[in-house]
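Chains: A, B, C and D, in written order; residue numbering restarts at 1 for each.
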């Protein structure tokens, strides 16, 4: 099976998730700056989650540039990733609506952690399918970002009851880390003639 | 007519349905575990329906791997399937919001049953179009899952007023049955050179 | 410019419109048959509008099977069609929520009429672009359905204040008319070697 | 990396944004013309924003007709554009719900301005990637519309507290300006053999 439909379906789901969050930005009642103030926390979390979903879409895109075939296991690993990503809008809304309370801040990190694990499972399923000559394994060889992220999410989850602002700072830090484009994969693509 | 647009349209509809259900996961009021409790039944039904829509997307994907052409009858059979699938979010919400009441549990099974019948009608329309050399007929030859599912849904619908937990167990069982990837179709694809 | 992106964008918009209507099917409060009763009128209008959007998607699909290129005028004519179609969910909700009141029934017909005109404008823009050898013009040659529909919508709009059930019967009749697949275009496609 | 997935993802996001605005058109309570009146301002802003999102989709489409490859910077520049466009529905709703108050009218212009800047950044990233032989640079050579629009948005933002109807007139004027198809790009495409 080729990757076309898996990519199209994932694009659609991520596109919807990114825009479903806009629906949480309730239209303010009143035409004043004060009316905008309640939107501030949810607006900031919207930016953060928009960036996270953008990162997942980008990495997903890069990953499937070096993936030619899918099998049943890859289809389900991909749906599993989309499931955890689908909880990002609710987690975002909960954290933003409750002024970054401890439990919502912890829950947000948990959703990020489980999404990261699901991404890793998907990557593993593709590498297993590609066998010994796996292009994806070569490309993500020393993937320190992919290894550092779950550790940082776990730290953020653990610290939510100590100081939730540290947790939040970690979420922002990991997002910034990923916004730097993945040079390794791009280099791998540039040097492979068929990409 | 090629299958490209039918696949793209179905992908978009199923992607939206899967994410529309997230909107039912209302953001909890309050930052406590207690505030999360009302989300539990709807959350569990969300997982179940996510899996069901994932199964339909997977099977649809497999089916159109061995389908090269569509005609008017196939277009309408596909829309008919999408119609019943579009009722999954409402049925899910009704069952989850009412603590798995008898009638909502019955209604959920009815939507699954009608979706399964619509899938069968679509399959039949494709086989009819492909004629005597139908690749799809060969692939689904001894399709015991496709035959068992409607029977199990029907049993679940019938048992909803006897014991709705049995009905629910049947819905979970059929979902697990389908999560095992369809080896037959994958084998058929692997052995056919043009797929 | 090729037609790929116009088709993908239209698919996405129509897929969203078809599923946005599901959001109007509010989850009933209570687990009884009585709780379902308020859903009946909106449910019936949902079926009707689902069929109408399905018809537009089908005809759009057929039309672009015999269209190879798009220009700026076609892009805008297509957006114009999508604009009127985007009002179908609101018109549907208004008619269903108000027990098929006269004005909502008239408004529903108006949206159908303007969509039909927009479709005709799009068809004309494509034929103009294709020039004297227009495959689309040949295919829709004696397009009696396309000509009858606006007349019937206009009649339904005019009759809404006389007897809205006649208007409604006309909406159903036109929908049934279109559900019969467009044999002419399919024949034209079958006989042209490159389609 | 080819442009296929970036285009598909952008199509999906813009398609959802255009239809999310329809959800703001709340179904009127009551079957009279009076019940429709509250919809008028939001309806008019819906038309305006529909046209703006249509313009962005059209221009995006034209731009990627002369773009063959994407890199990490282009992916992020595109997500950045989608971010500002994602605020169009909220800005639209705020302006329409508050009878074109000064601050909402200013905010609407700000979102348009930031979207225009994001579009320009994306265009610059593509031109930088294409290098000295950039087809896109050649095509947008004397792009007076792209240069005039931000100036006019800025003027509209500045005038919102002087006379918001002038601001609104400017928004409508820029929209009309862009609805005239981009002849330069179409000519560039027509004369290049591979497009």
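Simple rule for what comes next: a contact is a pair of C-beta atoms (placed from the backbone, for glycine too) under 8 Å apart; a residue touches a chain by one contact, two chains touch by 3 or more.
Here the structure is a predicted model, which is why all the values come from computation and not from measurement.
Peer 1: Over half shared numbers or under half: where do the identical copies chain C and chain D land at their interface, same or different?
Peer 2: different
Peer 1: Given a C-alpha superposition of chain B onto chain C, how large is the rotation in degrees, taken in steps of 5?
Peer 2: 90
Peer 1: Give, as an integer number of Å, the spacing between the C-alpha centres of chain D and chain A.
Peer 2: 26
Peer 1: Take the average of all CA coordinates in chain A, do the same for chain C, and state the distance between these two points in whole angstrom.
Peer 2: 37
Peer 1: For chain C, jot down the residues that touch at least 2 other chains.
Peer 2: Touching at least two other chains: 8, 12, 16, 23.
Peer 1: Using the touch definition from the top, list the residues of chain C that touch chain D in their complex.
Peer 2: Touching chain D: residues 1, 5-6, 8-9, 12-13, 16-17, 20, 23-24, 71-73, 75-76, 79, 82-83, 86-87, 89-90, 93-94, 97-98, 101-104 of chain C.
Peer 1: Could you please specify the touching residues of chain A with respect to chain D in the complex?
Peer 2: 7-8, 11-12, 14-16, 18-19, 22-23, 25, 27-33, 47, 50, 54, 57-58, 61-62, 64-65, 179, 181-183, 186, 189, 195
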